Each structure stands twice: as structure tokens, then as C-alpha cells.
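So that you can tell them apart, the chains are marked A, B, C and D in the order they are listed, and the count of residues begins at 1 in each.
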Amino acid sequence: MVTLASLELIEVRKAYGAATVLDGVSLSMQAGEFLAFLGPSGSGKSTLLRVIAGLETVDGGEVRLGGRRIDQLPPGDRGVAMVFQHYALYPHMSVRDNMAFGLRNAGVAKGEIGRRVLDAARVLEIEPELDRKPAQLSGGQRQRVAIGRAIVKQPQLFLLDEPLSNLDAALRMRTRVQLAELRNRVDAAFIMVTHDQAEAMTLADRVAVIHDRRIQQVGPPMEIYARPANVWVARFVGSPAMNVAPVELLDGESDSASVRLGDGSQVDTRVPRAGLAGAGPLQIGLRAESVRVTGAGAGTTDARVELVERLGDRTLVYARLSDGQALTGEDRGASRVQAGDIVGLRIEGAAAHLFAPDGSGRHPVESTTA
Amino acid sequence: MNAQGRRNLLQAAPFIGPFLLLYVGLLIYPLLDGLTLSFHRADPFGGRAFAGLENYARLASDPVFGQALGNTFKYAVVVVPVLTAITLALALALNKPGRTASVFRGLFFSSAVLSVTIITLIWRFVLTPDAGLLAEVWEAAGREPVPFLSHPDLALLAVAVATIWWSIGLPMMLFLAGLQQIPEDIFEAAALDRANRWTTFRRITLPSLRRTAVLVVMLQTAAQLQLFGQAQLLTAGGPGGASRPVVLFIYETAFTRWELGYASALAQVLFVLILAVTLLQFRAGTSRREP
Amino acid sequence: MKGLADRHRLSPLALAGLSVAALVMVAPLLWTVALSLKSNAELMRDSGTAFFAPYTLENYRAILQGSQVFGWLLNSLIVSLGTTLGVLALCSLAGYGFARLEFPGRRALFVFVLLGLAVPEQAVILPRHQLFADFGLHNSYPGLILPGLAAPFGVFFMAQYFRGIPRELDEAALLDGASRWTLFWKVLLPLTWPAQATLGVFTFLASWNDYWWPLISATRSDRFTLTVGLASSQMNYAQTSGLGYLMAQAVFAALPILIVYALFQKQIVGAMAGAAAAR
Amino acid sequence: MKSRALLRLAAVAIMGAAMGCAPEERRTEISVQRFFGECGAVYGRSTEVAAAEGECGIVTTLINRFAAENPDLDVDANVVAWPGYAQLTAQIAAGDPPDLVTMHQSVISDYQARGLLEPMDDLLRQAGVRPEDFTAAGRRGVTKEGLIYGLPWDTVGGLYHVNTGLFAQAGLMTNGKPVVPRSAEELLEHARRFKSATGRPYLIQSQVNDPATHVRNLYTYLLAQDAVVFPDPQHIRLRTPEARRVVELFRTLEREALTTRNQDYPAATASFLNGEGGVFLTGTWMLGPFEEEARTPGRPLHDSYAVIPYPRLWGRRAAFVDGHAWVAPKRERSPEQRRALARFIGFMAAHNFDWSRTGHLPAFRSVVESPEFQALPHRSDIAPLAAAGAPLPSFVQRQAAIESMVGEELASAITGAKTVEAALRDAERRVNDLLARL
């Protein structure tokens, strides 16, 4: 039998009455892969997770796991385990019973249950806590129990619903590391729902950006960052959000497109020109690190500084071009720039993205890493 | 019904089925049977003759029913607000940790465990002018004892006092439960906003207790409109029917007069009235916006 | 928190008020106990003597000698416990059903059950009496227990409580492969214990104190509940000269439940006050 | 721990239930139901009838005695709350009435008219009890439409229980006998004199929760005036000069505080026992207890007790009386059971004297005439009650319900909550309303 998970979503649809929440979602996962569902709240990412878990029924499409169709199976029979956002530990059961509950329901032999629970507890370092009740545990311990409860089931697929959102910053970092270790230890696939892109980027092999009832883009974190499929993804991923400004395509012989910003300044990109001309209005996408602050008149164009955000190692400068277009640029950590200053902005055209009228992204031929 | 609906129904049946079965068999069926009965002249031994609306026409012009209905509502109008106010006050005062508050809570709850026969016995020997506790105290003070149980203006009040004394426990507990659900941080926020005790009470505590209060008032209204045992055992409805509630009248009609049809009609009318009053309260209690 | 400490302590004024109220509350009880400790002859002359010694246990001795009070106590206990267990079982099941299961007509059925709250016992008692006669249920424990089981308030109460339990727990259990029944029995039901305690106390007291139905259903004195049994002694000319005895009977009848109450006061009061779903 | 205790409790409960349901041995079972109170604490298993006092004590020991003398019978004795008719009605409606039950003679017609009672002629014959031996009042009380529906057990009526000590203070004793008023005016005059002499009310009445008191007074004096109270089964007639006269008298007594007020039955009894008034208007059943008090030194009533029938104030000497009877509700019975019932009836008839020690008048002429009855104190004083006593016409149904309605209205009139006229009108309307629908 197939032991490695290979999740497949085929045209999954889900609606509550007239309100569609998932509109033909298709996705395919590799065995042992760690996938993150990234999206703002209300995007449908949690619903998609619950559809996979079987907590929601599907109105159309198929869900397959390891080649087996599971969308009609009850949650307990799907071979998936889930870690809930609020952990959903059974308050009246000890840690041990919490972890054993699912195995007992599945009719696993007693000795086997004990062994698995003990193993998981050792790994998660909650062995001393086994006979306590959830109410007696700290937040981090509860979180580990919730993970332990999933581990003992030895599922083909782990579903993690915002697993870190209830932890404080320090604990979140530690748990992130733990999750990464866990992932290396068990032979299963992971899906994690999150709205935190740093989390998604650091943990996941691939990220599925979900917005507006659909998967907008699936890919490895850096690809999502470097080659966003559309304006929405481009602006959602990365901080600060990518600058997007309307541009005019300049005529030229080069294979790469040159464009003009609203204030008249010209940017030479490395985006292939093919297919852009005559399509309609274009937008340029610029990460802040591609817009360097220089002395006035020394860059591609000048701008008035509106707000300065000093981050220590670097400084973000929120500025406005002469035509009123807002642009965020980056300066050294020791920048002296102040609000009201006129500064020059040097735009690295080689790193610029262009977005077609339908929003789809066009990227530089050799994308530079920022 | 589609297949899914049928499946869901089948799944729910073992859970709600047993209760529904008993509910329909023991409450709804007798209620409907009583409704049928109310259109008949009937006695307890199976004799029935159709009488149309006779029983209803009769109760509309029956001064004894009128008096009983008046008594019942007068009584409920006194008991429900007083009981609500007292129990709310007690709950507010006793919503504290510590031994003292706990002892007091137990004390105020203690009367609720006594049965109606016992509390009427107790109160008879508190209120009766010849051997009662109050009379003894009164006489010791050189005063003429008050005939609480036989004065037309006091008998109903006596029943009300005994009932309030008896019924304090449960509503107090409901209010305490309600109070414990108000998050502590609201009070802290209010304190930071320099709200004084009264303002805190009016603007925070009270609105937070609204749902509990509505529940208490509804349950108590339904219960007090069904006053029976206390009146029967303490005053027998007297003097001159001054403390006879509707239910006692129903009891007399059924069991000493054997007019089952008429008794059923009275009961149906009482049912509709209670339903109407509690529904009105429910609407009044929930129509305003939630705090 | 420090500024709010006074909210957690009884002010002297409140303490004084409460003490007066408590006195009003216990005075009738103490009076009853005092009367029960006096000889009947003395009380016949002047009940005011109850304020002073000598006291006697004569009346209690008389009760313990062969009166039927013990039988009635046992009956009351059986009926009240039976009713309580039945109500808890039925209302937990139904409350869960209404709170958690989706099925056609759920809302309508729930409203239908709530209507029962407004049904006065008198509207159903006579037809019910006939019904029970047809099934030969009078003068039996089932006959006394069954009517108490049609308790719409319990269903409402339990449904509200179940609604208050996070659905994540259900989902976790479903993912743990629990059946509907396991989910109900092993996961959710144990969490409702405060509500069970509250409803249990409500039901037990209501059943213990029920008067009308046992009066006409339990017509044999060996089937009387305590309430009816005491009434049979109380409403009688022959007993009017035995005031002390009567009061001793009342105290005696109240004693077991007061003792249970005293023993479990913390749990009862705590359960009721802590029942998160009292609405 | 807790659950262990609960378990044990449940086990006890189940065992109790099982024992309650266990099949009896093969003895003929008869169920006997009575009121008169519960006094198992004092008389539990006692069969010493002669040592028992009061209604409850005597009836309890009698039944114990019967059970002891008839070990082949299983006598299930059931005590119900006074007056027990709600339960009896419920039992009959449920098809499970007792074999024999105590019933007021005034109530018999209610059940008899619906065919719920067995005519008892055969049973009486089987028991060797001859209806010819009943007193006139007793026989009238149990005879309906020419058939006998019960074993009459006594005649019960109202009496003037007198505190002779206080009467003497007021100068109302002659030759060691209380001076009896001969008219309403004279009664008022006596009462006023009594009050000014002793500072206490002349009358003690239980007026709270006790409609019977007022109704007994009214019926008695209406009978005395030969007023027709029930012209036919569907009507009562109360708006008559005769009725007004009676009610006005008691209203005047109340207004002038010549009677105790606001007393219920226990309070009134205590008042009389404590010597707080001259005359206690109550029934035959208190004769025994008061006599006991009169014999006890140190009590206010010691050697200060007399009892007389209601004095003649208008018309002729009369008394409204009722009585108790043993009746047999209709149900299936085996011949053995019938024989058992006959034995019980015969036993109760044979012990009618014991019952008369309560103060009630015997239902058998032979007992009335017996030397042992005559030897009981005060019995000769109240003998006229047996002769002059009369119940309501036997066709009048729902007498208990009528009594409570009339009593309630009378109380309103006497306390002044209503005018006499309005009260009589309301009483008449309510009773007629009831009777019209029988």
C-alpha cells in the first residue's frame, strides 16, 4: 500500500448557501512535503484545511490522500491528524488520556498505545506532565500535548491550524524550531494554516497563497517572493509590501521592457518585452530594497520624504514622487534622512517586476536576489 | 425530505427521541386531552357530554374565577419583582470569596430544600395570631397580634411572604452564576474609568445580568402564576376567597365539585395566560440591544 | 486589582444588613425546632413557652416508634433520585441533540419543547391521571417518577450548556475517530458536570417537594411520599393538640435533606453558582 | 467514597422497591381506607382498644385488633389526608378503589348517584347486622333511594361545649347547669353579660379555614325554623328571612367581639382548653378530649366542663347532623373477599360502643340504650341530639362542595367583608350554579 502521503485536491468547491467559500480549488502535494496555507483571515484557508480534515463536507470535487479518495470518509478514518488553534484538549482527561483517546477509538492494542504515548511524550518533553490535566499546564505545554496527540496517531498527513498564534513571541520561535525538527523526524506530510508569512516562509517547502476563495499561487517560499503570480500575491508577501505603481511602456529595440513612471523618470527592467505592448496599462512592482535612497538628484528620481522608519540595520523611507506616487525605499541603518527632506531614489530596474493589465506578474529574466 | 435529512434525523433520534416521547406522552397528549375535555361536561369517572363553549362562556362570567384570577396576578406582581430584587441584592452582596459569604449563601439557600407541607406548617406557626412566633413577639411588646392568615387584605400577603422566604435559594443561585460570568477585567476597566460603585452597578453589572434576570423573571412568573400548595395549606384560599389563586380554584372545581370540563377550561385559560405573559416578558427582555 | 479589593470583601454595612436578613431567614426554622422540643401539653397552654426550657426529645422519640415517616422518607428518596437520574439522562441526551446535531425541524422542535415551560401542571394532571390509570401506574414508583421526566426546562438548560462548549472539542474528537456516541459520552458529557449538578439539585428539590401529583397518584399510605404523608397528618383535627409532635415531624422530614445539603453545600452551591451556562 | 455511598443507597432503594412489590402470601386481602388521622407513632401495633383515646387512637387500635383476630386475612389499612375524597375520587377514576372506606353520610349520595358504591344490604345480612338496629339518624344517613349504602358508624353534630367555671363567674349557672338562652336576643344578652363579668368572649369559634362551623350553625337554625333549604335537587334557597336572622345574629356577636375572632381550628381549641371563652361551638368529637381535660387537676377546664346541644333560639329544637359510615366502592370481588368484608363490617358494628367513646353518638340503638354508654360522662346531656338531629335531604349531592361555598360566603358576612344580603345572594348563586350542572 501507499505509505507516503500524496494529497490531491481536485476542483474542490464549498458554499454556505449562496456564499461560495472555495471555488474550484485544485492542489497536489508531494509525499512528505510541508505545505503552508497563507492568506488573510476570511480567505478560505481554514475552510480548506477543514475540508481536508473532514470537518466540512465538500459540495463538489474530490479529495485524495495517498491515492485513496477520502472526501466521503468520516474525519477519524482519513489518516490525518490535526492540531487545533486553541488546541482543543479534552479538559477532563489527563495528558496521557488526551493522547490515547484517538488510539483507543481506533482499537489499537493497549501496550501499543502506551508505547506510542510514551514515545511522543519523550520527544516533546512532556513526560512529567502525563498525569496532569490540561488546565494545569502552561500554554507551551498544552501546545506540545496537542502536537503529541497528533503524533501518536502516526497519520499520513498533519494538519496544523495556526499552531503558533496562541504563543508569545519567544515561545513561538522555539516552537517553530520544534516543528521543523518534528517534520524531519516523522514520515508524513504537513499542512499548516497561517496568516504569518514569516512562519510560512521559514517552515514550509511550498506555500499556497490563498485569497478570494482560490489558491492564488503555490510554490517554494523564495519563488513566491521573487516571482509573485500577481499583484495581490506580490503585495501580500514581503514586508514592507511591494511598491506598485502605474507605468507607461516605452518603445525600444531591447528584449527587456523599459517603462516610465508617472513623474517621467525611466526604469529599464529585465522583464521580457514580449507580449506587453498594446495589452493595456501596466504596473511596475518594486521591493523596497530595490529602491535605494541617495542624495537629491543622485538617483533615478527625487522624492519628498513623508515618514522614516528606523529598523536599526536598515531604514525604510516612505516618500512621494512629484506626481504624488508613493514609493517606499531603503537606506542604511545609520541614515540621517528626515521627514520633509528631498532625497534621490535609485531604482534598480533589474529587480523590477511588471504586472499586466490582468494582474499577472512578469518577472526579470534572471531574478536578482535581494 | 432528502436522504441527508433522513440520515441526520436518524442520527438525532436516539438523542432527542426518548425525551420527546415522554414529553409528548406525559405533557402534550394530556394537554390536548385536557383541551378536548374543556369542551365537555365531564366528571372524574368517565362521564362526558359535549358542551361546546359552555365552560368558557361560564368562566367569563364567574365572579369566583374573576377573583381568583385577580388574586393570582396581584400575587405574582408582588412576588416576582420583590423576589427578583431580593435575590439580586443577595447575590450581589454574596458574590465574594471567603467563608462568611459562603455561610450566608448556604443560609439563604437552606429554605429551598424544605417541602411545601413543611414550609406552610412553619409559617402557620409564625403567622397565626394565637400561637405564632410573630404573635408572641407582638404580645411581648404589648401589642394586639395581627391576624395575618384571616384578614382579607393580609392573607394573600402572608402567602406571598412565606413563598418569598421559601423561594429565595434558586434565583439567588442563578444570579450568582450570572455574576461569575462577568469578566473581572470589565470591572477593572470601569475602575480605571473612575466609575463609582453605583455607576459600575448600573452600567456594567446590571446590563451584564440582563439575560439572567430575564430568565429568573420568566421562570418565577411561570411558577408563581401556578401558586397552589402554599395557598391551599396556609389559608385554604380564605377568607372569602381573598387568597384563592386560580390553581386552587381549579383543584376545588375538579376534586370537590367534580366538574372536570370546567376545571379543564380554567386550566387551558391559565395555560394561555402564562404563555402570553412569559412570551411578552421574553420579547421585552430580548428586544432591546444586547449590552 | 488592589483598588478593587473592596469588591471582594463584605462591607460592615452589608454584613449588618445580611445578618438581619439571615435572622429573618432562620427565625422560622429555629422557632420550628424550639416548638418540636416542647411537650405538647405545654404548648397547648401557651406556645410562648417554646422560648424557654425545659426542652424534651419526647416528640422525636414518638416519631421513631413505629410511625410511617421512615417509609415515606424512603419513598421520597427513591422517587426523587429516580426522577433526578432520569431527568439528567434524558435532558443531557436531548440537550446535546438540540445543541449539536443538525436535523430537519430542529428549531421548530426546540420551540415546541420550550412551549412546555408554560404548561401549568393543572392543565394536564387530570388527563394524565386517567392515562396512568389505564396503564396501571398509580401507587407505583414509575407512576411517581415518570411525570417529572417531561422536563422542558432541563432540555433548555442542557442545550444552552452544550452550546457553550467549544466546537473544537467535537472536532478534535471526530478526528480522533470518535463515534457520535463516544463523542457525547466520553468527551462532552463529562464537561457538563456543573450543569448536571445544577439541574440535578433543581430536579431533586422539585421532586422532593412535589405535592399535587403524589397526592392523587400515591393513594396508599405505604406509597406516600413525605410531602403527602405529612399532609395527611397535618390536615387533621386529631393532630391539632400535638403541635410539638407535628413540628418534630417537620424537622425530622427536613433533616435528611438538610444534612445532605450541609455535607455537600460547597458542591451544590458551587456547582450552581459556577454553572457557566445558567442562561 | 461518594459513589460507593450512592451505590449503597440505590441498592437499598431497589430492595425497598422489590419488597414493596413482592407477592403476598395466599391470604385474602382486603384494603380498608380511612381518615381520622395518622397516629401510628402512639398506637402503632396496639390492639388495646379500651386504652385508646380519640378518633385516631380508637380507629387505629380497632383495625389492629381486627387484623389480629383474623390472621387468615391480610388487612391493608390505608390512612389518607383529611377528608380523603380527592384520593378516593382519584382511586375510583383509576379503577382501584379500596374495599371499604370511611365516608361522611352527607357525601354518600355523590358517589351513590354515579353508581360507584355497592348497595350493602347483602353484605350487612352476611355480617349479621340488621338495619333495624340502626338509630333513626344513622339509618337515614346511609339510605339512598330505598337501599342501604353503608354501615353507619355514628352521628356527628355540633354542641355547645361550656366552660362552667366562667359561666359561674358571669352568673350563668343554675343548679350546677349552664343557663341556656331561649332566643337570639337572650343569647346576645348572656354574651354581653358574660363579657363584662369575665372580660372574655362568650363564644369561641373556629372561623378561619373552617367552613363547617358556620354552615353547621346556619343549617341547624334553618332546620329549627322549618325553612326549606333545598326545595329540589337543583336549588338551594338562602335569601330568606330565616337565613338572614341567623347570619345577623352571628354578625352581631362578631361585631361586638362577643366571640373569638381570627381563630382557626387548633387556635380555637387551644383557647377553650385555656379557659379563654365561655362556649366552644364544635362537634361531638371533642367531647372525649375535653372530658379528659376536665378530669385533670390544674387545667383551666378542671371540673369546669359541661356540654349541651345547640339551644333552641327560634322555632323548634333541631340540630343539623352528619355521620360517618363504612361504604364499599364498586369493584370486582371474590366470594372470599366478600366474606372478609362482611367480617370486617360485623366487627366494626360490634365495636360501635368503643367508637362512641370519641364523643360521637352511636349508630346502633342497642348501644345508645346500653348502660355502659349511658355511664359515659355527658352522654345523657347530648341525647337530644340523636332525637332532634337531621341531615340534609338525601337527594342533595356535593354537600361538601356546597358546605365550602356557603361557609366561605357566611364567613364574609360575619366578619363584615360583605353585607349579609350580598353574601347570601352569592352563596345561593354559586351553589345553584353547581347544582344546575349535575
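Operating definition for what follows: a residue touches a chain if its C-beta (ideal position, glycine included) is under 8 Å from a C-beta of that chain, and two chains touch if they have at least 3 such contacts.
What you see is a predicted model, and the numbers here were worked out from it, not measured in a lab.
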Remark   = Every chain in contact with both subunit B and subunit C is listed here as D
Task = Touching both subunit A and subunit C: give me those chains, sorted by label.
result = none
Task = Please state which pair of chains has more C-beta contact pairs than any other pair.
result = B-C
Query = Taking each chain's centre as the mean of its CA atoms, how far is subunit C from subunit D in angstrom?
reply = 37
Request  = Could you put a whole-Å number on the gap between the CA centroids of subunit A and subunit D?
outcome  = 93
Ask   = Cα centroid separation between subunit A and subunit B, in whole Å?
value = 59
Key: Sequence positions of subunit B contacting 2 or more other chains   = 44, 130-131, 255
Key: Multi-chain contact residues (two or more partners), subunit C   = 46, 130, 216, 228, 231, 234-235, 243
Query = In subunit A, which residues are in touch with two or more of the other chains?
reply = none
Remark   = Inter-chain touches occur between A-C, B-C, B-D, C-D
Remark   = Listed in rising order, subunit A residues that touch subunit C in their complex are 50, 53-55, 74-77, 80-82, 84-86, 88-92, 101-102, 105-106, 149, 153
Inquiry  = Give the list of subunit B residues in touch with subunit C in this complex.
reply    = 1, 5, 8-9, 11-12, 14-16, 18-20, 22-23, 25-31, 33-34, 37, 44, 90, 93-94, 96-98, 100-102, 104-118, 121-123, 125-126, 130-133, 136, 139-140, 165, 168, 170, 173-174, 176-178, 180-181, 187-188, 191, 211-212, 215, 218-219, 222, 225-226, 228-229, 233, 247, 250-251, 254-255, 260, 263-264, 266-268, 270-271, 274-275, 278-279
Ask   = Taking the complex as given, what residues does subunit C use to touch subunit B?
value = 1, 3-4, 7-10, 14-15, 17-18, 21-22, 24-29, 31-32, 35, 43, 46-48, 51, 90-91, 93-94, 96-98, 101-104, 106, 109, 113, 115-128, 130-131, 146-147, 149-150, 152-153, 155, 180, 184, 198, 202, 205, 208-209, 211-212, 216, 226-228, 230-231, 234-235, 243, 246-247, 250, 253-254, 257-258, 261-262, 265-266, 268-269, 272-276, 278-279
Ask   = Any idea which subunit D residues touch subunit C in the complex?
value = 9-10, 12-13, 16-17, 20, 31, 35-42, 44-45, 54-56, 76-82, 86-88, 90-91, 93-96, 265-266, 269-270, 273-274, 285, 289
Subunit D partner contacts - residues on subunit B that touch it in the complex = 41, 43-47, 62-64, 128-131, 147, 149-152, 235-236, 238-242, 252, 255-259, 262
